[in-house]
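In the two complexes below, chain A is the common chain; its partner is chain B in one and chain C in the other.
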Partner chain A sequence: MTDIAQWSQEAEALAEAVIAKYPQKRSALMPLLYIAVREDGYLTESGMRRVAALVDLEPAQVSSVATFYSMYKRQPVGKYLVSVCTSISCWLLGGDEVLEAVESAAGVPAGATDESGVVSPEHVECIGACGGAPAVQVNYELIEGLTPQKATELVEWLNAAQPETLNGDEMQALFGGQRSFDWAIHETDSATGPYPAFQPHGTVAPQGRS
Partner chain B sequence: MSEPPLILTARMHAHPETSHTIATFEATGGYTALRTALDMGREAIVEEVKAANLRGRGGAGFPAGVKWGFLAPARPAYLVVNGDESEPGTFKDRQLMERDPHQLVEGTIISSLANEVNHAFIYIRGEYPKPARRVQAAVDEAYSAGYLGTNILGSGYDLELTVHLGGGAYICGEETALLNSLEGRRGEPRLKPPFFPAVRGLYMAPTIVNNIETLCNIAWIINNGGNAYSAIGPEDSPGRRMCSISGHVNRPGNYEIVEGITWRELIYEVAGGIRDGNELKAWVPGGASAPWFVPGEHLDTEVTKAAIDSNGSMTGSGAVIVMDHTTDMVAAAERLVRFFAHESCGQCTPCREGTTWLDMILRRMLAGHGRATDPDVLYDVSDNISPGVTWPPKMTTICPLGPSAVSPVASLLKHFPEEVAAAVERGTQVPVSIGMRV
Partner chain C sequence: MSDAPESVKITINGVEIEAPAGEMLIKVAEEHGTYIPRFCWHPRMKPVGLCRMCLVEVETPRGVVLVPSCVQPVADGMIVETASPVALKAQEGVLEFLLVNHPLDCPVCDRGGECPLQDQVMSYGPGESRFVEEKRHYEKPVPISDLVLLDRERCILCARCVRFSDEISGDPLIEFQGRGNTTEIFTFPNEPFASYFSGNTVQICPVGALTAAPYRFRARPWDLQTIESTSPFHTEGSRITVHASQNQVMRFLGVDNGPTNQGWLSDKERFGFEFIGSPGRLRTPMIRENGELREASWGEALIFVAERLKEIIERSGPDAVGAIGGAQGTNEDAYALSKFMRAAVGTNNLDAQLDDGLNPDFLVGVGSRARIDDLETANTILVWSADLKEENPILYLRVRRAAQELGATLIVVHPARTGLDDVAAHKFGYRPGDGSDLLADLAAGKDGFAAARDALQEGPLVVIVGRTGLAESGGLAEAVASFAGDLPGVSIMPIVRRANTFGALDMGVAPSLLPGRIPARGAEAPLVELWGAIPVSRGLDTVGMLAGLRSGELKALIMVGADPVRDVASGSRAAEAIGAAEFTVAFDLFLTDSAAMADVVLPAEGFAEKEGTVTNLEGRVQKVNRIVPGPGQARPDWSILDGIAEAMGSPIGLQSAETIAKEIATVATAYEGITWDLLEWEAREGAVVPHGDAQQPLEYVAVNAEQPQQTKGLGLHLARTLYDDGSAMRHSLSLAKLAPGMSAGLSPDHAADLGVEAGNQVTVSIGNVSFTCPVRIDPSLSNRTVAIPFNQPGIETLDAAAPISVVAGGPS
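Our next item is the complex of A and B:
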C-alpha cells in the first residue's frame, strides 16, 4: 500500500472532530472533502486518498462522490471564485450581462482562471438570492443587486486590493444594491479561500468568534 | 376577523439586529415551547401538530403530523431537516436560518422528541455558508444552555444535532437523495417503494425529513395549540407561510402570508406591482417546477393550495417568479429547462437525456434555427419524460426532477404558442451541430 500524505496537524484534528459528529464515518465524507480543498487549494488526488483513508473507503468511491457535486473543484482555481447566478430570476434582471462583465473584467471566460491566478469567474445555477437579483458570490459570500458596472468594479477591486478575507457586508456595501431581505445583523465572519466558510465541517476559522 | 399574528418572522421584525441570538430568543419566549413539550410527551405533541394541519413547506405540501405518524417503530430513528433550498425563485429558508436560527433549533428539538429521535441533522446547501454559520452558532448556544445534548433540561431526553453542509446539487433537496448525500454518497434519489424514509431512511433506519420552514412553525403550535394554528387561513392549508417573490416586481422579497388573497393582491399590492408600470405577462406560482399562470386566466383566482391545485399548478416551495411583457417566453422556458438539465442526477434516461434535449432544442430556436417540427418534438420529448404531459405529472423517472422540466415547456406551448411559432418562423437554416454550455 502506498503511503498517504497526512494533512496539517490542525486539519487532521478537525477531521477527527468532524467524523465524531456522525453515527457512521462515511457521513463525514463531504465535510472532509472541504477540508481537503482547504489544505491543497482544490480537490487533489492525494486529498481524496486521505479522505478515503479517514472514512475507510476506496479512493475511487470518494472520487465517485466528489465528482457528483459542483463545489468540489478538481482543478486549481484562483484566489477568488466569482460565481454569477444566471438562473431565471437573475436572468430576468440582467444576470447574463453581469456574467459578461465579470468575464470581461477578468479577461477569461467562465470556468477559467485569469493569468495571475486571482479571479476565477463561473456561472452557477440558483443561489437562493432571487429577491436580490442579479446576485453573485465571491468565495461563497453573497452580493446582491449588482449591475454590470458594479460587477466590473468588483473584479477590479479583487485584483487591486487582493483582500485576505472577504466579508459579505463589506462587499454588499461596496458593490451591491437591492437585497432579498434586510440584513440588519452585522456579519462578523469572513471567507478566506475559494470554499464555503463554515466551521466545523470545513474550512475557515471565522473571525470574531472563538 | 383581525389580522392573524406573524408566526415565522415576528421576532426578526421586532428585533432586527439581534433576532439570531439566544438572549433575544429567550427574552421573547424562546424555548418555553420546548419546556412545555418535554412535559407533554411524544403523543400529545404529534396530536397538536396533526390538529394544526401544518403542511410541509418544502414543495409536496404533505401534512407534517400525518408524515410523523408513518414513522416505523424500529429504533434508532432520525430526523433530517431539509435546508437544501435550491428551487429557483426560493429564498425563504435562508432568511429563516440567518435571522431566527433558534426558532429552527427549538422546532427541531421538539420534533425530534415527538419522533423518539436522539440524533437529528440539519442539511444546508453548500452555497449557504452564512446561514450554516448562523445555525451552527445557535446549535452551539443551545448545547451550552442545556437545550441539546444529554439529559435536556433534566428531562432524561438526549439529542445530538449535527449541522451538515452540502456540496452543490439541487437534487439533494429531494428527500431520498438528501439521505444518500448525508450518508456520504452521490446525491441520487432512491426508489420509493421500498425506500420510504419513514421506514428505510438514513442508514436504512426510520427517518423523518422535514423542511426548514415547516419546523419553524412547531414552537408556535406548541405554545398556542394546534387548533389556534388551523384556525388561521383556509381550512385545507392553514397557518402562515413564506412566499418568496422575485422577478419584475417593484418590491421583491419574502412575505409571510395567509392564504386566501388573490394573485392580483399578491403581485400588485404585496409586491408593489410590475416594474416601470409594465404589463404582467406570466408568473410561476410555486417554484421553477410549477406550471405557469397568466393574467387572463388566473389573476383573480385565490392564492390557496386548493385553488392553485385546481388551476393546474402547485404551491410548491412558495416561490413566485413574475415576468413582465418584455419577457421572451421561449427564452424564459429555456432558462428554466437549462436549470433542470444542469441539475439532473443522470440516473434515469428520460430525465438525463430528455431535459438536455429540451434545452438544446430551445437554444437552437433562440439562436434563430427553429424548425416547423420543434413544437411537436418538444411535446414528444416532454411526453417521454412525463407521459401525457398531464398535471399532476406522471413519471417515467425515480423522482420528479424530470417532470419538473416539462412544466415550463408545457406552459410555453399552452399559453404562448404564438411566440413558439414566431421563433420557428425566424429559423433560417439548419445548423450542422449545436454548441452546449450548461
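Our next item is the complex of A and C:
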C-alpha cells in the first residue's frame, strides 16, 4: 500500500522540465500534481508519493496541498468532467436549471459518474465567465451562454461522439450562446482528458485535432 | 530594519516599557507581566498568526485596530491595550468560534485540568455559545503511530504539531488536509507519524487532540505529584518533570532549559519512563545456590559478597577484582563505585564505558570543550560521529536548528545516511576503517573537499566527534579532534551515548581517572586524606577486564547497572568472560542477560527513586530527584557498595547521597562549589564543570592517536538505533515494539551485484553468527560496506571485529 507510481518516460521528462524551472524543487509541486493526474486519470496515493519523492517532500505535505484544491480529483472521474457554474451570475441566469439538465441527461447527480464512465457532472463556484452566464466547462474547456436545452444536447453529443479531444471554441459554436468577450482570441489548444489543457503538463492535443 | 533602534519604548495597558525592536508584542508583554491568551504562538517556533486568540488593540496612524500580537513586532511609540472592552470582546469572539466545532468532552479528555483551551475559555471566554447547529464529527481517536492518537474533533487547527514536525524535528509527517470547514490534521494514508520526537506534539497541543498511548486515561493532572529532574536517557541531560500518582511514575514532560533540550524530548526519553514501574524489576537480593538464584536477606547477601571478594583479594591480590558500569546512575553512585574500588578493594580495574566509547582522558580532558549553546553562534559545524538522530537526539535537534534556522554551514561525515544529511551543506561517506584517509583528504582540501575545507576555516567552528559505529576504533575521533584543534575559533565536543557516562568518568570510573578530572597518578591532599593511598597498578578497561576474566587473570567482576552481554560489541565473548569468572555480582534494576549469569544479584534503586546529580556531555551538572520509592528492598548503588565495604572491614564511610555530594565538592577539583543547594536554587540551568574558579587538573594531550586500520573485503558499519533491545527498552512496553529489527544496509550498486532489491532477504554472516534479514538500500554507503543495526531483539550481539559476508536469499 505504500507503493510509488511508475510514470511513463514522457511524464518523467515533463516533470524534470517543470522542476528545472524553479529555484526550489518544492515550487514545482502543483504542476507535478497535474502530471500525476494525467498519468493515472486522477490523483492517486501512489501518484502523490511519486510527486513527493520528486520534490523532496513528505507525502503528507503533498496531500496537504492536493486536498486544498478541488481541481485535483482524488477519485476517478468520467471521460468528461462537466462543471456547471452555480455562483451568483450563472445562478441568476439559470445555472441551476443547466445543472439539472446535465444531471438528468447524464443520469447521475453532481459529484457522481455515469455507469459507462463517460460523463461526471459537478457544480462549481464562479469560473470567471460571469459575462457569458450561465457557463459550463467540459474538461476545463469553456462554453458560455448555455440553455438547459443546449446543455442536454451537449451531454448527448459527448455520449454519442465521445471525442478524444475537446476544444472550447468548437463546443461554443455547437452549444453556446452569449459570450463574455466576442473578440476573444481563438483558442486552438484542446483538452485530452479531465484535466486542464496546458502545454508544460503535456495535456494539450496536437494543434487542429478535435 | 538595519537603522531600527536597538530598543524601543512602547506602552502596554498604560505602562511604558522598553523592549528590543522587532520582538513580538505577545512575548514582550509576557516578559513584562501581561499575559495575552494564545494557542498557536509558541516561544520556540516561528509565529504564524493562525488562531487569532491573541488579538489586542494597537493605536496606529489609521486609528485603533485589533492586531494579533504574536505576529506584531513592537515599534517605537506603540500604544497597546490588551484588556480593553474591544480586545476582550474580540478574544471572547475567537473563543466562541473555536468552540463551534469543539466537542467539549473534557470529562473524558486526558487534557482536562491542564488544557489551554479549557483554561482560556474560563478566563476569557463567553459563558455561553450561540451555536446550536450540528458540530463536525470524526472518528474518535485514531492511532496515528504506535505512541500517538489523534482526535480531530478536539483539534483547533493551531498547526503547532505541524510546525514542530517541520521546523524542529524535520519529519513533517502530519499536515493540514482538506480546506475550509473540513480542514483536519492528518498523516498520509498508511504513513504513520513515525517520528522519534512525536511526543513533543502531544505536549504542545493546546487541546486534547493529540494524546499519548502510554498515558491515556491513566491519571488526572490534579492527582499527580510533580518533581523536576534530569532525563535518565541520552548524554544531553534533558530537563524533565516527573509526574507520579500513588507511587507510580505516570509520565515525563519536557522542561524548557535553554542550554540543553529547550523543552523537547526524544520519544525514548519521554515514554521510557515505563521501565520504572515494570513488574520485571528486581525486589530482593539473590544468591546463586546449586546453580539457581534464591532470595536472600540484605545482610546475608552483603556478607556473602564481602567474603568472596576478600577471599579473592587475599588469594590473588586486589587486581584480580574489576568493576564495569556506573554510567546509568548518579554521580554520587559513581563516586561510591570509584571510592569502593580504589579504597576498599585497592585496584584501578574499573570502567564506566562498555567498549563502545572513547578514551576517557579525551572525553573529560579535551581542550576548548564546546557547550551545546556554542551551536547557536557557530558559523560552521562538523559532525563526525554516530548518527546523532539515533544516539544523541537532543543534540540532533540543536544541530538541525543551527543549520536550518541559524544558517550555520553543516558538514557531516559518516559511513551511512544520517538524520542530518538533508540540512548538511557537505556530506562525506566512507568505508569504516578508511576514516583516516578521508580525514587526510579533508585536511588537504583535495578534490571535492575544498569547499568543506574552506568552511572549516570560517569560525566559530563546533566539532562534534564520536565513534561512528561499533566496528570503528575510537582513535579516529581523537584524530579528528586533533586535526580540528588547530582550526580558527574551534570548540570540540566529544560525545558518547550512555546517559551519565560523563558524570561517571568525572567521578573517576575509569582506570586512568580519579574524581574531579584528576589523572590516576596525580592524587593530592584532600583525596588521599579521605581515600588513603591510591592504587598504582595501571588498571584494566572493560575490554581488558573481559579478556582478563577469560584468561583467568581477573577472578571477580562487579557489574553496576551494566549488561556486557547486550552492550559490548561481542556479546558471546562477554558471556564467555562472565562464565569464566570465579565470582560475579550484579547490581541492577532487572535480571539482565548478564545479571542472570551472576553469582549474586542485588536489586538497585533507579531513576526517580533516588536523589543525586548527573553530568551531561558538555560537563553540565544537574539534579535528579526522587518521587517514588524503589521496588521491594531495592537500595541505591552507593548504599550497596558502602554495605559491602563495611562487611569487608574496609569501610568507605558513605552516609547519604547528600553527604556524598558534599564529599565530591571537597575532593573532586573540578566540582568545587557545586552543591545541591546551588543546583536547586541558583543554577537552575545547571552548573558547568570546571565550576567557577575550579581547576581541571587533567590536560589531555593527543598522542598519535589513529593507527590506520585497513579493512580488506567488506566493511561493517555496526550502528545503534534509538530503539533497541537494551534493558530499559525491553521493560518499557510502549517502546519495546519499536526496535526496527535486523536489516542489512547495502549501497545500490552492491545490491545490484547481489541481485537483490529493498525488502529482499539476504543472509549475513558475521564471525560465526548468521542471520537472515531484509535489505535496506542506502545510497550513502560505500559499495563495500554493509550497515547492520546493533542490539536488535532476537539476535545475539555481534562481534564487530569478525569478518562479514552477505549472500542473497534465506537459509537453504
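Here, the second predicted complex is superposed on the first by the 196 of 210 C-alpha atoms of A that agree within 3 Å, B and C clash if a C-alpha of one lies under 4 Å from a C-alpha of the other, contacts with A are read in each partner's own complex, and residues count from 1 in each chain.
FYI, a residue touches a chain if its C-beta (ideal position, glycine included) is under 8 Å from a C-beta of that chain, and two chains touch if they have at least 3 such contacts.
Note that the structure is a prediction, hence the values are computed from the model and not measured.
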{"item": "Which superposed partner A:Pro59 touches (first chain B, second chain C, both, neither)", "value": "second"}
{"item": "First, second, both or neither for A:Met48, with chain B first and chain C second", "value": "second"}
{"item": "Touching partner for A:Ala161 - first (chain B), second (chain C), both, neither", "value": "neither"}
{"item": "Partner chain(s) touched by A:Leu93 [first = chain B, second = chain C, both, neither]", "value": "first"}
{"item": "Per-residue contact with chain A, leading partner among chain C and chain B", "value": "B"}
{"item": "Which superposed partner A:Tyr22 touches (first chain B, second chain C, both, neither)", "value": "first"}
{"item": "Which of chain B and chain C A:Phe68 touches, first, second, both or neither", "value": "both"}
{"item": "Where chain A meets both chain C and chain B, residue numbers", "value": "64, 68-70"}
{"item": "Of all residues in chain A, those that touch chain B in their complex", "value": "21-24, 26-31, 33-34, 55, 64-66, 68-72, 83, 86-89, 91-93, 124-133, 137, 140-142, 168, 178, 180-187, 189, 191, 196-203, 206, 209"}
{"item": "Sites on chain B touched by chain A in the complex", "value": "16-20, 76, 85-91, 93-95, 98-99, 119, 125-130, 132-133, 136-137, 160, 162-170, 181-188, 203, 244-248, 252-254, 284, 288, 319, 321, 323, 327, 332, 335-336, 339, 342-343, 345"}
{"item": "Chain C-touching residues of chain A, taken from the complex the two chains share", "value": "1-2, 45, 48, 56-64, 67-70"}
{"item": "Contacting residues of chain C [partner chain A, same complex]", "value": "166, 171-179, 186-191, 422"}
